[in-house]
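Next come two complexes built around subunit A: one with subunit B, the other with subunit C.
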Partner chain A sequence: MKKRKFLLFFAVIASFSMVLAACGTSNDKEADKGSEKGESTDYSAAIVTDEGGVDDKSFNQSSWEGLKAWGEEHGLSKGNGFDYAQSSDESDYLPNLTRMTKEGYDLIFGVGFLLQDSITKVAKQNPETNYAIVDTVVEAPNVASLTFAEHEGSFLAGVAAAMKTKTNKLGFIGGVDSDLINKFEAGFVAGAKSVNPAIEIDIQYVGNFSSAADGKLIATRMYNDDADIIYHAAGAAGNGVFAQAKDIKQNDPERDIWVIGVDRDQHEEGKIGDHNVTFTSMVKRVDLSVQKVSNMGLEGDFPGGKILEFGLSDDGVFLAKTNEDAITDEIVSAVDDWKEKIIKGDVDVPQTRDELKTFEESL
Partner chain B sequence: MNSNKWFNILVPIISVFIGILAGAIIMLGFGYNPIQGYVALFNGAFGDPYFFGETIRQTTPYILTGLAIAFAFRTGLFNIGAEGQVIVGWLAAVWIGTTVEAPMIIHIPLALIVAALAGAIWGFIPGVLKARLGVHEVIVTIMMNYIALYSANAIIRNVLTNNADKTEMIAPSASLASEWLEGLTYFSRMHYGILIALFAAMIMWFIIERTNIGYELKSVGYNQHASKYAGMSVKRNIVLAMVISGAFAGLAGSMEGLGTYGNMTVSSGFSNIGFDGIAVALLGANSAIGVVLAAFLFGALKVGALNMPTQAGVPNELVDIIIALIIFFVASSYIIRWIILRFKKEGK
Partner chain C sequence: MGFIELLQSIIPTALFYSAPLIFTALGGVFSERSGVVNIGLEGLMVMGAFVGIVFNLTFADVFGAWTPWLSIAVAMVISALFSVIHAVASVSFRADQVVSGVAINFLALGLGVFLTKQWYDKGQTDMVSQPFYTTDVPLLADIPIIGPIFFQGIYITSYVAIVLALIAWYILYKTPFGLRLRAVGEHPMAADTNGINVYKLRYVAVIISGAMGGLGGAVFALTIALNFSHATIVGQGFMALAAVIFGKWHPLGAMGAALFFGFAQSLSVIGAGIPFLADVPQVFLLIAPYVLTILALAGFIGRAEAPRANGDPYIKGSR
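And now, the complex of A and B:
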């Protein structure tokens, strides 16, 4: 009796799997045909995200928005002309890039410096396909490197913060201690010290880009130590900084507490009642860069092997002026002055801690 | 005995199929075609040489962490610390790979041995604490995971590099990667580590089934008191089981360090290779051959899932749910075992 039941169950399962297998082959062929058709007629582009995913409220999302805008502009739709692949951890980068390559995309973006090694490898293996990497540099004839002058934008944030502070103490919270985030740090410190060489800046790194709890803890300490403006370059961990600033503001509405946001205009994040703790944001237009490079590729003018830096002069980075109550006309005009100086080349903004040292000595 | 064997094979197979079925229902419920979804999954894992190579690549460390956990299980220990042991093994392998200069025939075995030793030490500490002081190994191993993660990050930053976020690439003489395999599989990262993993599975089988040590370890797992009464040293066997378990997990780390990546990156979270190893061991019924097959399934799921959003349009979040469901039913094979046993009783 029991054996029969088993056998029956087995038979059902076996037939089910056969159905699956049979469907497999036929569908497969159709799918192949589809993608081949797509390739021959149109230019196509795709992005591969890092661990953040396309809805990280930061640069992954921004690049996807840029690619979407580009696709819609040229009458393409998701999966047909442009698409994304999400990575959930380090081991996914290379398979995702290779898969997009095999799908026949003409241009593939790797979003974030974490994908540097993988882009280097995949670009060498597939010299026919074009790649682009955001936030870092890969030297290969078929890779365009999209970098941003974060140090320049951060410099302006430092200028604004130094003018705004009442305690003469600022905070900087970074995500992971790396070359990229050091650019933010160096620029910010340089900007603040240019306005007031005696200003104190408290610097600490979270160790990752994801732990809002740790971000909040560090922010609590900094605000308790009398810092009144914190600039964060910590991705999602920076949300903890906003949370702490809002907590303080709620308990003591008279106290002046500010956060400077990063990557996108984080005005929304700082709202609490009638107040807004977001002083300004250092906005980085990753979306524009993705759009621009996709267009260059489409026109057959792909900047392979080149480093494109998006800076203050082309609004690749800028300081948001959304919170008009906080960022006064006086500050705005000072920021604009410094911006002019940087664009003209009168000020050479430091990008590393070593350069920052020489910069501070020259003040 | 014979029916028992059948039973052990049947339960995991049924649990996998129920998992797949549940995933199909979820896809149907959200308006996606489950057949297309699974076809995309299948193609993403075996569809062409590249994906097949990647599946093997992913399977390799899974075999070793699965063995690690299964080995401890056999002695009645729950080694949650495979994750930490993977990290220290990875770090040790990369350390040897980047700093030592030696011909390949010495360099690779040296790196592997040091990685296994590092993992063994990481297993030794909770083993001793459990044997001497009766501290529960689950708590200690969980804590050891964090110690491993953050210590490794600190060592990469301050000792192996000058505050960079990843180490140098290992010397070619320490690399398990092979151009021949890469060429065969269109540049996948498949490497010779799979042979080491399969060899490790044979060793595990041999130790458990064919040696006195294995007999004692199993005996301690079945009944500590009886083993003690029979004159075995329970304490020694607990420590030994954790050490061997840790060595397997350390080897898993070296697969990543010497094979897949060739370096180590500062990471903010766990790689999950060790945690997935728990499910692999469970599905594999803690036997060497079972672990190899289960690891292969998990490797295929992990690599194939990446293809589902692109080819079948199933969103990533749903893919995660489906994969989790499959793992859930796989891990809950005890429920299935129980149900079948009930059926059996009624039949009688």
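And now, the complex of A and C:
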């Protein structure tokens, strides 16, 4: 009896890990079939995704689109000049990076800050290959770090939200409480408070980027507590935020309920009947950055060891204006004013909670 | 925030969080009560979520507001058919039931993601246009205090889950069919000598668990995730399995356990808005559901006794 329960427990654990492992192998196969011809004489580039996969409708997809655009620009095709490898969990990062390196790609992108450690290791082992990491910084002579001024984009989102809100209460839902997501938080709060110092902002973190159920629970609480606009930086957990916003809208079409999307224009997600709950989105042009760095590599001036920041000035981040009913001309012009100020350097947008404190005191 | 307001925010959220787990756990109870271990609940949920979303996306224009209900019905049927694989392997061919269940998990996820790629040419589907929405229950919602807590802003599916748990209890404990099913799970040879068809009953039980697992997955997809991807069902099936054991293989126990999971999860999230919990670091609130579960399992539940023949294939005539 006891033994059987023990076995059962083991089986549960084993099957759990096997399910995850299974995703890994199937994806590997898929990536394999295109990339047999790695020994291209031309310049070649590849990306290694994080858990989202190349069609996550988020920055993995965006990077892949950037790489595809770059490839097409130079007459290359998938598997012949550029390719991707998909990771389904943490243990796939290093094998994927190593495989792409062995296949002879000149430049390999790691998409997402989760790949930081793996890129650091691989870059050290293969000093002759160039690497780039999206969203974070790796200090090595053969690694370019592609970062985004999320705080600047979030600042504009905060400005727009503060002008739109009727309850003077906003919500922010982050994925994992980390330096990267804190940038979103600090920028958003700073932007909102610049418009209206008395505004209240409710901040909560999901603890991961994947639990839609938890995202929905948090959104329920915030909307119940009278927040009318929620800015989410929580990846797939943000799906739950959209689900809750749409549910409220369905029951009470008169109530003003908005979500601010992240990473790409999440207009599609907000559709409900004739309404759309997506107020705007803080878009990160990962595709532009991937394309640009691939071109730099091709031309022989790969920015190894450097940190490139894509910000408002080069449209690396911007605020989507797809929902024209919601984001009025007045808001757009105010957002543009603040954008000018940030680009000129009149406003120094905080990136951390400490900087935010100083910023708030200076208001 | 007063106590009543607190309940008003916790209970509806706990209910929607628990509903998919209740459905799936009930399926698990049926299967395991008949003596077939069902590790495949996760896979059955994946299947249900996939079918529910695909049906909803395809037929939203045809059926309008009825689409979500038809979607979960179709998801039940397809998942029930899918679970026949598990039944054939573990009942007829006497394969190891754990291995066969794991195979179900593999197969469902692989098939779901593969077909999504084939049909939609991307790794996740679009969001459905006809999901379930919350509603107020007419009349009952107007009852003071109780109305706002239990009957306002509720997914009907949550109530379907609770009613189904009661029906499952009635079937298992008050009907001849239920008695036979439990007998088959406790002592199949004794049941066989009394003229009960062990194989047939086990088939029926596994197919019921397939239908319920599919229902759970489809309800999760149509109330919470709204689309299907490899990350839609991650671990909920195993949570349902835990609820089966936590609830001592009893339908109402499993429902209670699933509600408890939902309540703990909801408390951990809502807790950030409660004055006296607001100063507690968020990490503690995040781990609270798991700590509560361990405490409940260790302290209050006592010994969980599985059906005696659970996991043993029945071979006619052997002792």
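What we mean here is this: the second predicted complex is superposed on the first by the 323 of 363 C-alpha atoms of A that agree within 3 Å, B and C clash if a C-alpha of one lies under 4 Å from a C-alpha of the other, contacts with A are read in each partner's own complex, and residues count from 1 in each chain.
Everything below uses one rule, namely that a residue touches a chain if its C-beta (ideal position, glycine included) is under 8 Å from a C-beta of that chain, and two chains touch if they have at least 3 such contacts.
It should be emphasised that the depicted structure is a prediction, and the values quoted were computed from it without experimental measurement.
Engineer: Looking at A:268 after the superposition, I want to know if it touches subunit B, subunit C, both of them or none. Which is it: first, second, both, neither?
Structural biologist: Only subunit C; A:268 stays clear of subunit B.
Engineer: In the superposed arrangement, which partner chain does A:247 touch: subunit B (first), subunit C (second), both, or neither?
Structural biologist: Once the two structures are laid over each other on A, A:247 reaches subunit C alone.
Engineer: So, A:210: does it touch subunit B (first), subunit C (second), both, or neither?
Structural biologist: Touch partners of A:210: subunit B and subunit C.
Engineer: Contacts for A:103 in the overlay, against subunit B (first) and subunit C (second): which applies, first, second, both or neither?
Structural biologist: A:103: touches subunit B, not subunit C.
Engineer: Who does A:125 touch here: subunit B (first), subunit C (second), both, or neither?
Structural biologist: In the superposition, A:125 contacts subunit B only.
Engineer: Is A:56 touching anything from subunit B or subunit C once the two structures are fitted on A? First, second, both or neither.
Structural biologist: second
Engineer: For A:177, decide between first (touching subunit B), second (touching subunit C), both and neither.
Structural biologist: A:177 sits against subunit B and subunit C alike.
Engineer: Given the touch rule stated above, what does A:221 touch, subunit B (first), subunit C (second), both, or neither?
Structural biologist: Touch status of A:221: second partner only.
Engineer: Overlap the subunit B and subunit C contact sets on subunit A and report the shared residues.
Structural biologist: 1, 5, 16, 19, 23, 53, 88, 177, 207, 210
Engineer: Which of the residues in subunit A end up touching subunit B in this complex?
Structural biologist: Within the complex, subunit A contacts subunit B at residues 1-2, 5-6, 9, 13, 16-17, 19-20, 23-24, 27-28, 31, 53, 79, 83, 85-86, 88-92, 94-96, 98-100, 102-103, 114, 117, 121-122, 125, 176-178, 207-211.
Engineer: With touch defined as at the start, can you tell me which subunit B residues reach subunit A in the complex?
Structural biologist: 10, 13-14, 17, 35-36, 38-39, 42-44, 47-48, 50-51, 54, 58, 153, 157, 163-166, 186-189, 260-261, 263, 265-269, 271-272, 303, 306-307, 309-311, 313, 316, 320, 343-344, 347-348
Engineer: Which subunit C residues qualify as touching subunit A in the complex?
Structural biologist: Listed in rising order, the residues are 9, 12-13, 16-17, 37, 39, 42, 98, 101-102, 105-106, 109-110, 113, 122-124, 126-127, 129, 131, 133-135, 153, 220, 223-227, 229-232, 234-235, 238, 241, 265-266, 269-270, 272-273, 282, 286, 306, 311.
Engineer: Of all residues in subunit A, which touch subunit C in the complex?
Structural biologist: It comes out as residues 1, 4-5, 7-8, 11-12, 14-16, 18-19, 22-23, 26, 51, 53-57, 88, 177, 202, 204-205, 207, 210, 212-214, 216-218, 220-221, 224-225, 236, 239-240, 242-243, 246-247, 250-251, 268-269, 271.
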